[in-house]
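Below: a set of structures, written as structure tokens.
There are two complexes below, and they share chain A, which is joined by chain B in the first and by chain C in the second.
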Partner chain A sequence: MIVADRKSLQEILAMVKDDKKILIVGCKGCVTVCNVGGLKEVEILASSMKIARKKEGNPIDIDINVLERQCDNEYVAEISESVNDYDAVISLACGVGPQFLSEMYKDQTFYPGVNTTFFGGATQHGVWEERCAGCGTCAIHNFGGLCPIARCAKSLMNGPCGGSSNGVCEINKDTDCIWDAIVRKKMEAGELEDLMGVKGIKDWRTARHGGPRRSIREELVQGNI
Partner chain B sequence: MRLSYPADIKVIQVPCTGRVDILHLLNAIEDGADGVYVAGCLEGECHYIEGNLKARRKVNYVKKTLTELGIEPERVEMYNLSSAQGARFAEIAIEMVEKIKALGPSPIKSSHAA
Partner chain C sequence: MSELKSGSNLEKVLTAGHFAFTGECGPPKGANVEHLIEKFQYLKGNVDAVNITDNQTAVVRMSSLAASKLMIDEGLEPNFQMVCRDRNRLAMMSDILGAHALGIRNMLCLSGDHQTFGNHPQAKNVHDIDSMQLIALVKKMRDEGKFMNDEDIDVPPKMFIGAACNPFADPYEYRVYRLANKITAGADFIQTQCIFNMDKFRDFMKKVVDMGLHEKCYILAGVTPMKNAGMANFMSKYVPGMDIPDSLINRLKSVDKRDQAEEGIKFALEQIEEFKEMEGVAGVHMMAIEWEHRVPEIAERAKVLPRPVV
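Let's look at the complex of A and B:
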């Protein structure tokens, strides 16, 4: 899923400091699962902001809504009747949400309430870790199922750098060296040979380096199948 | 046993403090309460295993939020006592009321009072 962290209350409050009536809109997708932008978090943010503004003697009206997804126009369209009743709108979806909203409702201002960070998953309750960098040409089968693009600080393709030490990456002591894990796994499986061949230069054009990407499924473009 | 506790306190009963939500605490502050405290069972004695531990985590979350907003985190507190400790209940009530009185009224103007 896409993982995000909520922006600080102070940062969010500063965005809407001149507004009197706002909407906070959450999303039932990834951000609900990573506990940052679902109904609960929307309600908590609304209450916290109301407390802050009452304290300043400058109360704010806040309505809330949680869309099925903010990355699909059919759901974004659900707020069409009320969206312009507000001075501003805060989206707690990943960065895709406020953009879809801005594209559909050109006269409204949408603020991102979260910092979108990575594609990953929960490794324990309350902890999420990066697993994929969306490089567009998945090759993890060559690395024991572990991704050196997303999980090696240098995205190395041909083995660890000299900074790998006792399984820990030189970038910081809380980061495992994924190359240590890859090599270990292949050794245990008796498949170390697989790593010996030099991997050619990766074609980064399928990643962000080739500019914004688009995914087209012709048969769907033509209509439902 | 007849014990009196300060009339400033409004008691809201819940089946287990695990039922107390972050939003209940925030909404109380938002509506102008000068302080809120959760009185849960002794740690290790929750009938639902860890309702009181969850309540403490939620209280701590709200304390953090209040701190971020420049409001005294002591306005929200968690206490643990057993249902057999009536005297302790009254004592906690007095302690909390004194603490809040020392802090003074909440900086949030109650929407009801306004």
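Let's look at the complex of A and C:
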């Protein structure tokens, strides 16, 4: 899923400091799963903002709504009747949400309430880790099912570098060296041969470096499915 | 290894069977050419080639390419370092051609320390290709006369290709295979990370020799003389990939502070003596960090002078 962290209350308050009536929109997709932009978090943010503004002697009206998904115009359209009743709207969806909202409702201002961080999953309760860089050419099967592009600090195709120590990356002790894991897995499986030679140079066109990407399913576009 | 690949002095020294002695020099954090040239003078005649570091530890310095050219102008031979952190493939190939045009004939291909260590941790890193692929790229440009995309190069850049090896990083048991991969990629010579744990290095070299890697590539053992126990402690804690045994730190601590530099040099000299005899070791890479002025004395006492003229 897409993982995000909520922006600080101070940062969000500063975004809408001149507004008197706002809407906070959550999303039932990834940000609900990673506990940052679902109903509960929308409610908590609304309460926190109301209390803070009241303390300042500058109260604010806040309505809330949680859409099925903010990355789908069908659901984004659900707020069409009320969206312009507000001075501003805060989206707690990933970075996709406030853009879909902005594109549909050109007269409204949408603020991102979260920082979208990575594609990953929960490794334990309350901890999410990056697993995928969305490079557009998946080859994890060549690396024991582990991705060096997303998980090596230098995205090495031929690691590990000289900074790998006791399974930990040189950048900090909380970051695992994924190449240590790849190499150990291959050696334990008796597949060292897979790591011999030079892994080919990556074509980054399928990653963000080829410009903004688009995925087209012709059969869907043509309405055959 | 009979036909010369770049004709650099370092290549000639090694192919003639001499025990190589290379140095290292970090460009200044500024455009202070005078200071750089002063540092060159300590190395001139005392080493076969000098590594010019490329924004080492991810701290911005004068470009390694420019400093390498300044070195050539002063009559020394540079080993131009290039890291994958700061350049994409276009910039790399362009600089490789430029380096050849400026008379540079040795290159050391590195991944580069991560930018979080340096003075611009906010920077975006590149890592378009990695050090293994860079080695293969320089070889392709030199031997096939082709760019990465297979287009022809009119005058191919001739480089004696160097790579690094850190026997002290993990997983240890894989390190010799990674070295083998660098040789497969096209490394002509290897300069190891600073060696302090001699037991481990002896074991590593045994594996290297058992695999016959020393016959495919020249391996230069990395030596850094410790200035004092504080430096040893610092490197142990903060420099990635360093393996500094307590026995060395204790040895430095065991003498008076004023004598710790001498003790550090003595240890380095003992290492060099052993490397001269160690099977598979073709030379020493002396990394006297900001201690270039001590290199003449160290070279003299290590009995590696005069350097061969080939």
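For the reader, a short list of remarks on this structure follows.
By our rule, the second predicted complex is superposed on the first by the 224 of 225 C-alpha atoms of A that agree within 3 Å, B and C clash if a C-alpha of one lies under 4 Å from a C-alpha of the other, contacts with A are read in each partner's own complex, and residues count from 1 in each chain.
Basically, a contact is a pair of C-beta atoms (placed from the backbone, for glycine too) under 8 Å apart; a residue touches a chain by one contact, two chains touch by 3 or more.
The structure displayed is predicted, hence computed values, not measured ones.
Residue contacts after overlaying the shared chain place A:180 against chain C, while chain B stays out of touching range.
Look at A:197: by the touch rule set out above, it reaches chain C but stays clear of chain B.
Within the superposed three-chain model, A:154 lies in touch with chain C and out of touch with chain B [touch as defined at top].
Within the superposed three-chain model, A:57 lies in touch with chain B and out of touch with chain C [touch as defined at top]. When the two complexes are overlaid on their common chain A, residue A:44 makes contact with chain B while staying clear of chain C. Comparing chain B with chain C, more residues of chain A are touched by C.
In the superposition on chain A, A:140 makes contact with neither chain B nor chain C. Applying the stated contact rule after C-alpha superposition, one finds that A:8 touches chain B and leaves chain C untouched. Contacts from chain A toward chain B in the complex involve residues 8-10, 40, 43-44, 47-48, 50-52, 54-55, 57, 59.
Residue ranges of chain A in contact with chain C, taken from their complex: 153-167, 170-172, 177, 180, 183-184, 187, 192, 195-202, 204.
On the chain C side of its complex with chain A, the touching residues are 84-85, 89, 111-114, 116-117, 125, 127-133, 136-137, 148, 164-166, 169-171, 173-174, 177-178, 180-181, 184-185, 193, 240-241. Interface residues of chain B facing chain A in the complex, by the touch rule stated above, are 22-23, 26-27, 29-30, 65-66, 68-71, 107-109, 111.
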